[in-house]
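Per-chain residue numbering starts at 1, and chain names A, B, C and D are given in the order in which the chains are listed.
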Amino acid sequence: MKLELRGITKRFGSLVANDHIDLTVEPGEIHALLGENGAGKSTLMNVLYGLYQADEGEILLDDVPQRFRGPGDAMAAGIGMVHQHFMLIPVFTVAENVALGHEKVRRSGALDLDAARAEVRGVADRFGFHVDPDAIVEDLPVGVQQRVEIIKALARDARVLVFDEPTAVLTPQETDELMAMMRQLRDEGVGIVFITHKLREVREVADRITVIRRGKVVGEASPTSTNAELASLMVGRAVELTVHKEPARPRPGGLVVEGLRVLTPEGVVLVDDVSFTVQPGEILAIAGVQGNGQTELTEAIMGLETRVTGSIALDGQELVGASVRRILDAGVGFVPEDRKIDGLVGGMSIAENLVLDRSDAPEFVTAGTLRRGALDDFARERIEEFDIRAQGPLTPAGTLSGGNQQKVVVAREMSRDLKVLLAAQPTRGVDVGSIEFIHSRIVAARDAGVAVIVVSTELDEVVALADRIAVMYRGRIVGIVPSDTPRDVLGLMMAGAQEAAA
Amino acid sequence: MTNTTAPASVEAPTVVRVRRPKLAITLGVLTVLLAALFILAAREGWTTFRLSGADALIPLGEVSIPTAPFVWGTLALLVALTAWAVADTLAYRRSPLWLSIAYGILALFGFLTWAGADGLVPVISLLSGALSISVPIVFGALGGVIGERVGVVNVAIEGQLLFGAFSAALLSSITGNPFVGLLGAMIGGVLVSLVLAVFAIKYLVEQVIVGVVLNVLVTGLTGFLFGILLVPNELELNRPATFDRLPIPGLVEIPLLGPVLFNQSFLVYFMYFAVAAVAWGLYRTRWGLRVRAVGEHPQAADTVGIRVNPMRFWNVNLAGAIAGAGGAYFTLVSVPQFNEEMTGGLGFIALAAVIFGRWDPIRATLAALLFGFATNLQNLLSVLGTPIPSQFMLMLPYVVTILAVAGFVGQSRGPAAAGKPYIKG
Amino acid sequence: GCGSAPEETTGGTEVDSDFHPCLISDEGGWNDRSFNQSAKEGMDRAIEELGIEGTEMESTNANDYAPNLETLVSEGCSLIISVGFNLSAATVESALANPDVDYAIIDDWADNDFDGETDAPNIKPLVFDTAQAAYLGGYAAAAWSAQSGVNKVGTFGGAQIPSVAVFMDGYQLGVEKYNEDKGANVEVVGWDVESQTGSFTGGFEANDVARQTAQGILDQGVDVILPVGGPIYTSAAAAIQDSGDDVLMIGVDSDLAVKEPDLADLVYVSIQKAIDQAVFDATTTAATGEFDVEPYVGTLENEGVTLSSFHDFESQLPEGLTDELAALQEQIIAGDIVVESPNSP
Amino acid sequence: MSETTPAPQAPQPHTATPEVPRGNAVLRDILRGSVVTSILALLVAMVVGGILIALTNEDVRTASGYFFARPADTFRAIWDAVYGGYEALFRGAIYNSRADDFLTAIRPLTNTLGNAAPLIAAGLGVALAFRVGMFNIGAQGQILFGAAFSALMTFRLDLPLALQLPLTLIAGLVGGAIWAGIAGILKARTGAHEVILTIMLNYIAVYLVDWMVSTAGVLQKPGSNQPISAATPSGALFPDLFGPAYPNLDVGFLLVIAATVFVWWLIERSSLGLRMRAVGENPHAARAAGISVQRIYVYAMLFAGGLAGLAAMNQIQGAVTSGFDSHIDAGFGFDAITVALLGRSRAWGTFVAGLLFGALKAGSYTMQASEGIPVDIVLVVQALVVLFVAAPPLIRTMFFLPKDESEKSARARAKAARKAVAR
């Protein structure tokens, strides 16, 4: 089925998110959509999917104009979408999520979940992976949740599939599998729109590339373009794609983690006997597939986990059992994995978010009162320094685009006197321009003598930043290796192979 | 080797043994309290338990037991059960469910034996009274559960009960038919929830405001109509035909539980049906799946073609109908007359039961039953004569609820989108 | 429909417009099936018989008392009757501020400094020695229960306040008198004068909670029950009817068998408190300019409190009960028997 | 629309000058929401209320009985009933045109302010807890316990005014805070839901206070057998602001203004308030930023209880000074929820909403006395006012007004909600 968008315009108040966008997706084609954060990609796709009504323009399927009043209509017309933010009900099982909206019902009136289970298995078998239809979605690793989204779309026989940043949360292997899946679908004649910030993926899988900037199509690119070409087309300037860093000069001291173990209240071991050291002036990257205990490890260091045994010492000071407040005061900075949950208070302004963990600092508070002038100046400086694209310090953080939200969090954590910086997935969902910037800031922090821990599922990022790499698998560190370790070795370790064996 | 990408769902995680001391501590504290009561206020004499109604097929009759020996015996058993729980905890075991149940029954038995020294403990009446008190709470809570599950917080349960009670009384009096009254009650409940639905869903008014205001509105309206309509025409308009007891042959002969559960009026059987239907519907049908989806993540529901706001609208009204049926209990079963503000705050207890029951119809029902039981136990204890001032006795159900919530339930998570309006972009 | 329009009246009988009686309720409101309602009935009757205008104001909470009284004064009331002890302080204050207006208050001595005098010279207390009538009721209940061989009577209340507990006190004292005189052993369930503890529903709502309270008393095997407090007697009646047992009920405030004819077959007798009459009398005397502030105490003697007729149960009463009650009443009037309740006004 | 100022959660388009003078900020807070729609909402509510008044008026019903014979009668009766009702409302709440002189005539206005005081105080408590993400239904219990605690601690003292008044006041605030603190601590410790806790604590407070005031030696008025406490000692009474001619307006109102300023400062300007708002909007992020969510819950409940305590003190030191019982909360506990939410949980919003309620209350006395409009109907009209005022979109639909900021804010809110859900 051929999809054609003609002159789509979508305004939010005075903001023109999509400005007369034309886009054609042929059947059996993977069409990549590139653009920096806030360029209007998601908006365009939401218009296509019937979630938003376009202000102008039309949507044609096989040259027939369509009128979608809601996603129901779009789905009926054969459009499927894997949303950037998963549209899954966290408390439902996989089967329930897949069934929702087109449930099969037994004669008794009861829901026929067996049909849904069969659907799940059917799709999974077709693409050669495994998903438990009865698992609760919120308990699943994000990679698996992603698959549930895909199953949802495929179970409805979509002829045009939209993937909105599907790889932001996937591991390299998962990404490879997803791309294989996309190719398979393409070969079956499905038209695919693929949105991503990762240029490598685009070049690998796309048949055609459209780049949009500030709501307008700025051009097409061929899959043979270099990363640098694509990046500059996207951002509108030349982008440095490799991180320049001097060799590390570690100093004595730093963070010493020994025999760390984290349990759930039920006694499930999430982090198992983990020991490592990070010295000031070096970056330790913790690599691993999502869901192997990295989240819990960072949360344990930050004092956010309750059932922790072992020792975490910062310059000799024990942090296990200390409150988050004391750990922050001890000089630990934390960029959480999920900025929307743990990083920002969406309804509060950028200025307020920037001082969230320092709301008692004398430079911002006099006699219990916030010094708004100081807050404002501080925010302006950070906005300037970190290139946060916002209307001003009073803009609510929740209305920023993803990349800019991430920059607010990074700016907050990096503008304190730190001894340790703990950055989990620091560039998730962020466009190439911003990645460059965040990486350079992390390296600068290292060079200033901060002990840095970067947790990332992104091998590119790990390799680019790390001085040493610790690989986690099922709650354990399977090995700590130098940064020049070959990728395939890292890949094997991430699958559980011991360092020596690998 | 594709499964490396999803290890958590494939391989079983390592689990270490952890101690869960909560149960042991709770039982320990309870045992100490009971022991203190039994020792400091020791009572002698005989306690009589009435175990069946006068006309039971299997007459269990009345059983008299010597108070002191039985109290001490029970206490010994309670100590033993507590020790068991402690041993389990020390050995990293999870105590079996029967232990808690056995403890609960024994503790209650011991306490009643103690309290009923030289008195009569009418067991059937205690239990069926408890059931009776909880009926409107159960209906209200069911309405609350459906409302919140679909994403609309319903603080107007009190108003729905009250308006249900009013319209039931009026219609049943006029027609002389309690079923018409019940229908009227449900329509009354719907009228209230219609306002809630329109204002909360269409006009995006804060749901809690609408709820609180509706309670005021209904209080005022029923108060006014009662004054100008029912009082002057007492005998014509405020003498509803009621639902009579309808013993279910056979079932009612089950010792102890039969007369409690199956010697009730139509409305109570309707309640059993409603609880079962809502529980089944919510978890086993398309309707339930969609309701829960809309209340958890309306946008996700929208993306699969479920029309969120109509879904909310109709279900809020369904919830109103069910809560309204609870109102009918006041005037078609309990007391065959409508009186001003006769719901006496039970709608708010129902609201608490919704949360206490973690937004689950069965658990909310159990929470309502617990409240009813504590209330009726209070009744019994003050009839048996205690030196405790009536005000402290009357606190009992509320204190019990707090203890239960703080001690056993703890953190609970409601439907994620409850209370939040859904507006499409 | 299309009724015919009344003639435009121009003249007509001029009513003396100077006198303007007013009534103010406590937070129970007019339809409380208790003293507010009785008082309103008395006032309505007076207004109708006198053919004058009156104003009746309902309060919803304690904050309303002072403003309501103030509003009534500014509406030109010449007599203001407050219903219930709750209004005592506010009424005194208003009376002191408006010496030209006459005041009366029900169930209260308007004596908040306990010097034995009303605190304002223009207030007339209308109080009732309810325990006297309740004493007779208790005696009659005991006689009934002894005759049937049950030997158990019960009572319960709405909230534990004196105007409720005083009924229960008199009731129990009456039962004890019967036991003493007849060497009987009739028990009272639900109240204990000594410790002042008993069964209460916790409010005045006639709902299932109240019904189960009544049921709890019935379960103890009583055959006469005295529910005290607003409409909760309807809950007791429902419990009795449902139990199918031969249990009788005693009414309070007014003759329940008359007020609720469909309950007549359950109502043994009623302990009456003639609030309506007291309000009516106070109003009509004030209308003729004969208002005095002499406290009115309703007693058996002045029939301010009475035991009603037994109606249909007259014929089934125990031998001699009527005479015994008459004798008791004589003794109480004569002061030979003093019914002492800690809850008497 | 030019009259409208940005509504609460709407993104604030500050590009150049974010430095807003304080005075302006206060003004903006007061004017928050749309003035035009609010006025129209009042109008609609009054029309609907008028219909109700007309329907329930006896003259109207009599006249409509012969409508076809003489329709003018019906219309006149309707006009009389409705005009009379609202004229009485105005006379009772704002300005008594029938009074002899101006000073007496404005007395109703002081009644309005006096009535509003406890409502605003309790409403502030509910609003504050709401901003921290807690639904505090417990103002009733907090008021009751605040009053009882204060009486217990200070009614037997016989101190000069300069000592007795502040002591009684402080004891009241502490009492309210204790009662709310119980809920706060239980929530923080066990995770029990505050809605259940506060509902149950309301009932417990009712019975506890009932017991206290009916037990000699605890709080019962010495010598009395009624369930009523001793009168408030004269030294503890709030002095009237403008003398005895305006008995309802006392120092309590000043305290309530001070409390409003305090709550405004606390929430919008203080560093503790920053933490509170953070917890209210995103407890996860707050926790990760080193804010002890549990402790903030407890603090918020303590403040909320203290404010309810202030409402209690406005009652026993100002409005009902001759002794109190377990009804001293006078229904403010629940009205406070409406007032707080109507004021969008902002300090000055709550203040304005409280004034509106105070006026409706003050007017209700005259409506009942001189027009015979039953209190129940006044209650219904009140509820209607709240419904319409809280529903600007409805009003705009009715009057074909263009959508304005606050609808966008609703969208922003929904958006934020969706984001929160989207995880």
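Keep in mind that, in the parts below, a residue touches a chain if its C-beta (ideal position, glycine included) is under 8 Å from a C-beta of that chain, and two chains touch if they have at least 3 such contacts.
Heads up on the chains, UniProt names are A = ABC transporter; B, D = ABC transporter permease.
The structure presented is a predicted model; accordingly, all values stated were derived computationally and were not measured.
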item	value
Reference chain C; chain at largest CA-centroid distance	A
For chain A paired with chain B, centre-to-centre distance based on mean C-alpha positions, whole Å	44
Distance from chain C to chain B - Cα centre to Cα centre, in angstrom	36
Centre-of-Cα separation between chain D and chain B, whole angstrom	31
Where chain A touches two or more other chains, by residue	86, 90
Interface hub residues of chain C, defined as touching at least two other chains	29, 160, 202
Where chain D touches two or more other chains at once, by residue number	207, 210, 214, 374, 379, 415, 420, 422
Pairs of chains, among all present, that meet the touch criterion	A-B, A-D, B-C, B-D, C-D
In the complex with chain B, residue positions of chain C that touch it	29-33, 160, 189-190, 192, 195, 197-200, 202-203, 205-213, 215-217, 219-221, 231, 234-235, 238, 242, 261-262
Residues of chain B defined as touching chain C within the complex	50, 119-120, 122, 125, 129, 132-133, 135-136, 223, 226-227, 231, 235, 239, 245, 329-330, 333-337, 339-344, 346, 375-376, 379-380, 382-383, 385-391, 394
Residue ranges of chain B in contact with chain D within the complex	195, 199, 202-206, 208-210, 212-217, 219-221, 223-224, 227-228, 296-299, 345, 348-349, 351-352, 355-356, 389, 391-392, 394-395, 398-399, 401-402, 405-407, 409-412, 416-417, 420-423, 425
Chain D residues within the chain A interface of the complex	9, 11-16, 18-19, 265, 269-275, 277-278, 281-282, 284-292, 408, 412, 415-416, 419-420, 422-423
List of chain D residues in touch with chain C within their complex	65-70, 73, 92, 111, 115, 207, 210, 214, 221, 223-228, 231, 247-248, 315, 319-320, 322-325, 327-328, 330-331, 362, 365-366, 368-370, 374-375, 379
